[in-house]
Amino acid sequence: MPRMTAAEIDQLLAASFPQAGGSARSRPSATTSSTAWSATSDAFLRPGGTLSGPTLMTLADTAMYFLVLAMTGPQPLAVTSSLTINFLRKPPPADLYATARMLKLGARLAVGEVHLRGGDHPGVLVAQASVTYALPASA
Amino acid sequence: MPRMTAAEIDQLLAASFPQAGGSARSRPSATTSSTAWSATSDAFLRPGGTLSGPTLMTLADTAMYFLVLAMTGPQPLAVTSSLTINFLRKPPPADLYATARMLKLGARLAVGEVHLRGGDHPGVLVAQASVTYALPASA
Amino acid sequence: MPRMTAAEIDQLLAASFPQAGGSARSRPSATTSSTAWSATSDAFLRPGGTLSGPTLMTLADTAMYFLVLAMTGPQPLAVTSSLTINFLRKPPPADLYATARMLKLGARLAVGEVHLRGGDHPGVLVAQASVTYALPASA
Amino acid sequence: MPRMTAAEIDQLLAASFPQAGGSARSRPSATTSSTAWSATSDAFLRPGGTLSGPTLMTLADTAMYFLVLAMTGPQPLAVTSSLTINFLRKPPPADLYATARMLKLGARLAVGEVHLRGGDHPGVLVAQASVTYALPASA
């Protein structure tokens, strides 16, 4: 059971990262397990509809951050420890969405796998990433 | 539809890598999509039942190799280009099996995701890897 | 001997990626081998002087892109194939610079290692990355 | 200043991992900084002189393990948390040596960069890896 809802995560992001300007929105995934969470991007679309590599990396990182928040509660101090991304296909000129799945939630590290898809549902697999977050020590 | 069966892969391995000595065996996965293939290891069990990190890396690499063979036909010259592995949990003292899933099969590169599990089915997720193979140019 | 100078790279970037807005600038490195190239960022500084993970990923990717251009000549079609980044320390509130070193320049893939440093020279090591670019087939 | 010498590391390995059978030997590097440590492999040479991908992964992991031991003292419980390796060139039919460099030694994680070289000194760069070890909590 998530410790934060999508609305609570969006509220935390707006308060903690005002400069993000709504470019990513959280939403729980209905199609996968309760540990999945996705982030959508449409603010980064370039003219021509292409999406840059850094945009994909940002979206993968963000989706995992949402998942960490959803499963551990509000801890803006969780930070990315490492990220590996494989770019698979040129993104279609459409919204992109990322689905993160928690592989391990330990006391100090959270490891997840992220799939980025674009276009019509269920979408073309555009990139795959594994992301590790370091969790702050419990108070 | 696979281009090589499990029996053909095992035969190719025995001929090409005699020193491997049957330590890994191929088998198609019944529980996932047709692009999945798994490798099993029980030859690497140490006294005490622990499995070393290098054993897990070898198994992840092998499972992806089986998948490349199954999908492209016999090409022993395919070589690993890069591999990232995240170790998640201590393996249980039991057989370990790896399931590889093809994320992209291009003309020059094959990218896959591998999950290593151990113990009773469906097993504990022990490690996750992404593996890229470089494919030899077609004749 | 580089096939493109820093000025030529900056000119290519301004023409190909006008939206980047001068946020990264290329410069050859005087302190390392001829295969090194660095990118500097000061446009991404947040209030408070922190730099986000995605900013570091972007800078690592950009430094490697500069290096590919410098060593192969103008080919804007080179694309990132995979990237692994390890975040090591909180960046100091100062400019950040990335140094890329070519590990292998093949016909189809370029693999490099990138170090990101910040603060006074030689700077604190903030992150380390390995980046692979897929090169378009020669005409 | 190292907390363990090469002789002490070899002794610890022989006691803790008797099955390794002397296939890797530690030695401090004279050519790089005091945080470098290398491991040599000649036990894995196949007929024909080729070295498999798993052998390279094992050597990279071992070199980083030696470095962790050298810098933190005897703690056999340090375990690999993640490893990324890029295979660059076919190894020459000769001994292979790995040099690990510590990028960050924190309280909980140690992150290092490993270069594998083969043949005559300074050798051909065969593979590059980044390796993270999780350190047991201090007593």
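Each chain carries a letter (A, B, C and D) given by its place in the written order, and its residues are counted from 1.
Basically, contacts are C-beta pairs under 8 Å (C-beta built on N, C-alpha and C of every residue); 3 or more make two chains touch, one makes a residue touch a chain.
Only a predicted model underlies this, so the values are computations on that prediction, with no experimental measurement involved.
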Exercise for the section: Identify the chain pair with more contacting C-beta pairs: B-C or C-D. Expected result: C-D
Problem - Chain of greatest Cα-centre distance to chain B - result: C
Practice task
Could you give the separation in Å between the centres of chain C and chain D, each centre being the mean of its C-alpha atoms?
Solution key: 28
Handout entry: chain A and chain C: spacing of chain centres that average the CA atoms, whole Å
Key = 24
Completion exercise
Here the gap between chain B and chain C, centre to centre from mean Cα coordinates and rounded to Å, is 34
Practice task
Identify all positions of chain B at which a residue touches two or more other chains, and write them in rising order.
Solution key: 81-82, 84, 86, 132
Handout entry: Residue ranges of chain D in contact with chain A within the complex
Key = 81-82, 84, 108-109, 132, 134
Handout entry: List of chain C residues in touch with chain D within their complex
Key = 84, 86, 88-89, 103-104, 111, 113, 125, 128, 130, 132
Handout entry: Residue ranges of chain D touching chain B (in the complex, touch as defined)
Key = 19, 46, 53-54, 57-58, 61, 79-87
